[in-house]
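One chain, chain A, links the two complexes that follow: it is found with chain B in the first and with chain C in the second.
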Partner chain A sequence: MSDAEQPTDDGVPGDDEFEPIQVFPEAEEMDLRPGADNCYKCSTCDTNCPVAEVDDEFPGPKFQGPEQWRLKRQDDQDIDDSVMKCSNCMRCDSACPSDVPLSQMHNTARGEYVEEQMNTFSREYVRNRILANYRRLAPLGSMFPRTTNFVMGLSATQWLGEKLLGITGEREFPEFATETFREWWTKRGGAKVDNPDKRIAYFHGCYSNYNTPEVAKALVRVYEHFGYEIMVPDQHCSGTPMFANGMLEDARRSAETNVRELAAALEDGADIVASCSSCSMSLRQEYPELFDFEGTEAVAENTWDAVEYLRVHEDLEGELEGTSVDEFDDFAYHAPCHARNQGLDGQTTEVLAPIDGVAAHDVGDSCSGISGTYGWKAENYETSMKIGEEMFDHMEESEANTGLTECPTCSMQMEHGTGYEISHTLEVLEAALVGDRTEAAAQ
Partner chain B sequence: MPRDTGVLVLGGGSTGCGIARDLAMRGLEVTLVERGNLTDGTTGRMHGLLHSGGRYAVSDQASATECIEENEILREIAGHCVEETGGLFVQRPEDSDEYFQEKLEGCRECGIPARVLSGTEAREVEPYLAEDVARAIEVPDGAVDPFRLCVANAIDAENHGARVETHAEVVDLLRDGDDIYGVEVRHESGPGKRTHAAPGTTEEITADYVVNATGAWAGQIGAMADLEIEVRPSKGVMTIMNVRQVDTVINRCRPKGDADIIVPHETTAILGTTDEEVPDPDDYPEEQWEVDQMIDTLSELVPILEEARTIRSFWGVRPLYEPPGTGTQDPTDITRDFFLLDHADRDGVAGMSSIVGGKFTTYRAMAEEIADHVCDKLGVTASCSTADEPLPGSENIETLEAGMDDFGLRSPVARRSMQRLGSRASEVLETDEPNPVICQCEGVTRAEIRDAISQSGSDLNAVRIRTRASMGNCQGGFCCQNMANELHPTYDEETVREALDELFQERWKGERHALWGEQLSQAMLNYALHATTMNRDRDPASATGDVDFAAFDGGRAASDRVDGTRGAD
Partner chain C sequence: MAIEDDVLVVGGGLAGTTAALAAAERDVQVRLVSYRQSTLRNASGLIDILGYTPAGDGPLVDPFEALDDLPAGHPYERVGSEAVREALAFFDGIVGDAYAGAHTDANALVPTHGGTVKPTARYPTSTAAGLASDDRDALLVGFETLPDFEAPLAASHLEAAGAPFTARGVTVRFPGIGRDDAKVTRYAHLLDHDEPVETPAGETTAREALAETVRTHLEGESRVGFPAVLGDDRADAVRADLGDRLGVDVFEVPMGPPSLPGIRLEDLLYEALEAAGVRVTTGVPVVDYETDGEGADATDPERIDRVVVDRNGAEVPHRATQYVLATGGLVGKGVQSERDGVFEPLFDCHVPQPADRYDWFVDDVFGDQPYARFGLPVDRDLRPLDAADDPEFSNLRAAGAVLGGYDFAAEKSGSGVSLATGYVAGRRAAEGCR
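After this line comes the complex of A and B, so read on.
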């Protein structure tokens, strides 16, 4: 009866004590119900969802997205807990023939679920917060990389991780590099090329900074080969693992820094490139869907995948014509879902075609199954491996004994499932254009 | 002469069901007959507004006062049919300040809690309101599900011994001299719960007293006994949006006009309405321009409506009445008050009263007054208890919400199901059997469908109004056949097919007025699905007579293939 018995106001005596209360959520909380208008229930999203394919308990993106949103009322706080089973691969976005904002609905629902319904003292919350905020822990690890790698590699640590936090003990933690990319960059004295006409701002993300600086270095050398001046702005995590864990507040803080720094680089005449497909996806699609800081749209519109950028702005294939590579052999190539969603799934095989000595064999359009932090959770490990099975099979079937991809966690999964060594496309371009690593390092 | 029943109520809308419940609770023997489903007439074709009275606070304060009183009663006795949304009377820059002030004062004079919000505050409550909305008055309007409310009244009447016959059309009033003593009805499929494909029968039902609660159809009933009842049916269009653009009832704050209200209704929002007199409540034009004009006008309040998806439109007919000689020209000026016409006083014909006019929000008060009148006629002394006794489904709603059980359903499905079922939730949803979702748009499970079937026979439209199944954005395209499937094996194939056809046809009827944009894509997909997977565009099994299977040949010989290849023999 609260509505009917509310005191009246507007100059009626006795209503001085009326205090406005915040009944409705902040304006920034999004009402995505109108997005359900686009859904005509064809279920194509469900048939493209890798999680639904292997997990009968998962209701699929149509329920998670348009159906759940449509059933919502403004005062409802209920989000079904199955949203935490979504791996955020975002395949439903490209599967939908009708532009339903599926991943935006999932991200927002997951954010609400974590905010409103998850116990912040629960093991799951703590674990997810740790996984989502890998970027905050990584600097500690890389301060003493060898010790950290040793400790993290101990089976006792893995056992504890599983028992205490629910992080699967089946996987080996990625090793920290002895020198981060940013340390190398500083030691190197920053950019070697000055060119006010050709500038890029490099969003390296966390993984190529702390774990695989060779990828970041490859980008630097390839871009400098084409005469680009490289800027390396201050940056935080792109937010991908935070979205996937519903930690929207953490993501917002990181995004605010990234948008500010990257928008400043745009002012300096740079375009933005990223070497990690999830980072570019996040800047391009999720930022404008979830945030509205000043400059968000400009950053999204001017962000590129690093290889895509060169294909558009340089004659990359022409430059690669006649080059050869000795240090790599043929690759089993997996296109990450987040690259696929950006329309980049055919890119790597095409770019590598003119190089003598290597070929990339596409292992098909299945999802690797790890989807960032998803496959690290003990409860998802089996689902993750089941999704990955098709990719593992195809890798083993292909005429190659090493793997290639642009996504850090896909590469973990590929390595975990096959034992292959996994490289990044930029490393191959580096070898073809600049020479092998020892040569390159001498530059 | 002994009669079949004490009181015979004609009409299964809110008024008729309300009267039947009231009289049955007073201990009278009651029979109710309805031509179609419950709510088939005007009750099932309204916008679902539970008036605070704010709408009548300037023009008709007596109605306004009655509205707020009944509004508060219904929140108590019918909690599972009511959503306490609140409402806003929104003023645009071009709307009169003077009227805004009159509205505010009118609300206060009628005891309707009212509070002024600035444009900014109003947009905080409803973010999709137009940027230039000037001010708003907040009132306790609500949303009510007329189907659930009406069905709950009928169920409670039955619980108190009443007989309720749907699909029983009155074909004649039985009149002996100056005394009406009953009716002749035609049961579409025999008495009792409806079974499609069962043969029709007729029945004479005699009664001590007849109450004609057929609303816009009251004149037609009266004519059967040569009584003239000057109902002036007036049509209004309503359009259902696919999602709720607003969670509060939005009224335009201006004197009167078409297209001035948006009511959040379950998963949808309903736009209303127009007001135009029609000669025949069963046959009037439904025109697309009425829909277009309404969307255009309401987009001034909520601009997102311009681009939003509509899933269907429907027209309802108000049972307006005014005493002979009033001569009002414009139907919007005809009073919304109700009139009890005792034909003994009026026409010298005893045994029947007719009830005309009135509005949904005050159905209970109307029923009470008529029940008093009937008791008076029959010399019965019994008092009304409908204002205090909750309807089935609304008993102990508060304790129900406190002890939320999810019945193994996903959160939003559990919540919506429990809101629909109210205190009947555990009785219906607690099951050891698998309970899949049958209607995904509205989150309706098999258990709820089966419960509705147990109430209403093979009538899937009756299942629909009880559960909302097939009322979502696919308009039954994905679930009608699954609903029909639940009729089997209780009902045979022929019955199931007829029930399915009838439901799907009914869904299509409203969709015809929404065929553009996404709903057109939806209709095309529904068509393709039904045609290609169920052969429902030209199903030989539904043709009359046996299928001549011998007429089918064995297919073309492999050697005759167009591409010239030969299959393996």
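After this line comes the complex of A and C, so read on.
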């Protein structure tokens, strides 16, 4: 936003004492003008948009961002309906050569659209609210995981979901774990390592708590291997699905809790790590772009991807040198869009390189197409699969029969499109550093 | 722990990728860090060496003949004409069949979307059948929904420019595209995947429908030019298929931004980086650096010890033995300006400039603009020089549009300078690791 303070070039020759004139009133709220003004219309963002490539009804990020922002200066101008077709992959953010905060503009426009133009009794609104607030339903599901998994797996349930709510019946719902990560953590008695000098606060997010606790457990074992004391603060959803559905008030409530709890952990000397690339993206970028609770900036600046943190603070690659794993074979690796935006695109292939017995083959920079809740909506299913086609092809061409990624919904899409079993990078590090699961469980 | 490599290249455009590839050939570990996407996506994809002399003479028939007469400080003068040839041969090796023009030293004349011809040393094979030196008559086809290419205007312009053939332009509806502002990637995707499209005659496929649309407009021309949206990953197949159906040679006319030939070149370069084992980090900026500050004689230039990459707030140190700065020029933001000066934002290298900013430009827009030559002065090793003509750092080299002393837009030398200086900077950086 500092660009706002830069003077414009309209002085008089020889006038050294330049006093910029305030043309626009001082912004009281978030001011997107400098971002809009930075756009020089090169359209690089549009060429990166996976939705615009397969659907010419979607006008692309340049329209959704700076152009719509300008149109909105007119009082009688509504947000264009097409904003709901944006999948929030955020690829346009890292595309822009001119620092336009595209996803911030999209999030803001989508929030306004949902709040002011969407019928809150519509099926679409109800469905989106349910999808965005998956975390509120998940505790119910995991209370009776076997029953829930059985019911959700019934074709009648899927048919009803599609007819009543517009949730695609093509996908199988992810299974709930019989024991959540937090239940396991409590039963275990919490941290096994006390270390005031090396502390992390783990933001596990919803999915590794309710659905894939093995990922969260892997993080615990790997970090304890390096002598870290692990804190598991109270937490809500990171907000990613809420941003994507324009439910900014829901996101604000969750973010407020998260920032408060995580800022308290910072006070206790911890750094924050996340195992889901969309959670870390949300804490690092979307929170400071959209909210200003006390501590938001501090939380953003001290949040890390779990593997990145070890790489910078420990000799991770040295430690992995000479290790081997038996339980995994080669992987077709997909870097999630939200990981790419954090500069993590090459990380996994680099980190796994020293481990004997596995290699991660990068399947290229295409988007998986599911983008969180996007590909779950019946009307987006086909688009989502079209976008994913390139990734599926590259997965099948690669010399591997299992997949690897750090994003829960990319993982669903990879499995859905290829039938491969998909793992998380932390599980591989756990196997290399701590040993296989049964050994690890005994520890 | 810093993330460690031998050579660290900052910048992911033509100069940066060439530097990384040239270094990686010398068996050192190379990392390329690129913040936002490079201006390659805006580039025509043409590889020009020199189309006009700095005095404006041209178009030049043989760019290499003119290289030795360039003024001191011009990037080509710094690296020498032999390095330009080596770099071009290196490029030819990377891109293989995707580019043409290696059979001669002479410039080719490629028609552009405005109907002008651009002198260039290498050109994508997709443009090869369109060369202005070819005397076969040509039909240019534009699309109603793609106003960036006005085919009848381009055709008249080509004829007025003295092209040795008859050019005719028609504008048609692109089958399968309804929206006025569909993205170029949408056109390419439809053709790449030969998707089903609705036509008045019923459902057919995108390539078949396009060929049928164009067929009725052919009047015996043996080559047909389209705006450069004919496929992305499968562009060769799309062109061949259209050519077979129409019984003509099909070529692309390079377009302004965003440009598929530029995107295809970027893809080729990044595939080459992966194959060469170069580690690539994108989406995050290098924001700061630290020198090692010890042991250096007062007269010796400082050594860069590490640079700091900002990852959404977290500062991640990256250390290498040698560094290459390839962050681009005024458009790529490797060189920036404010009211009181022009500067290089990362290492704050010296950028020569008139003290009075009203001397940065002349009133004639297309005149000899001083700002177009703004950038870093370098020694013959491509190390940036300070105001006293001493190297700013012992282990930093600069390549591409961040360099000063040339006007790439007027000379048509942008790609060539990026290739030649990227190649030399990469090679010297690798040698500096020994």
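The working rule: the second predicted complex is superposed on the first by the 406 of 443 C-alpha atoms of A that agree within 3 Å, B and C clash if a C-alpha of one lies under 4 Å from a C-alpha of the other, contacts with A are read in each partner's own complex, and residues count from 1 in each chain.
To be clear about the criterion, a contact is a pair of C-beta atoms (placed from the backbone, for glycine too) under 8 Å apart; a residue touches a chain by one contact, two chains touch by 3 or more.
None of the values given here were measured: they were computed from a predicted structure.
In the superposition on chain A, contact of A:95 is made with chain C only, not with chain B. Within the superposed three-chain model, A:73 lies in touch with chain B and out of touch with chain C [touch as defined at top]. Of the two partner chains, chain B is the only one that A:33 touches; chain C does not reach it.
In the superposition on chain A, A:148 contacts neither chain B nor chain C.
When the two complexes are overlaid on their common chain A, residue A:81 makes contact with chain B while staying clear of chain C.
By the touch criterion defined above, A:296 lies against neither chain B nor chain C after alignment on the C-alpha atoms of chain A. Of the two partner chains, both chain B and chain C are touched by A:42. Put chain B and chain C next to each other and count what each touches on chain A; the higher total goes to C.
When the two complexes are overlaid on their common chain A, residue A:57 makes contact with chain C while staying clear of chain B.
Counting contacts by the rule stated earlier, residues 6-7, 9, 42, 59, 63, 98 of chain A appear in both its interface with chain B and its interface with chain C. Across the complex, chain A is touched by residues 52, 71-72, 75, 83-84, 86, 104, 108, 113-116, 121, 124-125, 127-128, 138, 140, 142, 242-245, 247, 264, 267, 304, 308-309, 410-413, 415-416, 440-443, 472-474, 477-478, 518, 521-522, 525 of chain B. Taken in their complex, chain A has these residues touching chain C: 6-7, 9, 11, 13, 18, 42-44, 46-49, 52-57, 59-60, 63, 93-99, 281, 284-285, 288, 297, 300-304, 308, 311-316, 340-346, 350, 362, 390. By the touch criterion stated above, chain A contacts chain B in their complex at residues 1-10, 12, 20, 23-24, 27, 31, 33-34, 36-42, 59, 62-63, 67-76, 78-82, 98. Taken together, the chain C residues at the contact with chain A in this complex read 1-3, 33, 36-39, 41-42, 177-179, 181-186, 188-189, 233, 257-258, 263, 274, 279-284, 309, 311-314, 316-317, 331-333, 338-339, 358.
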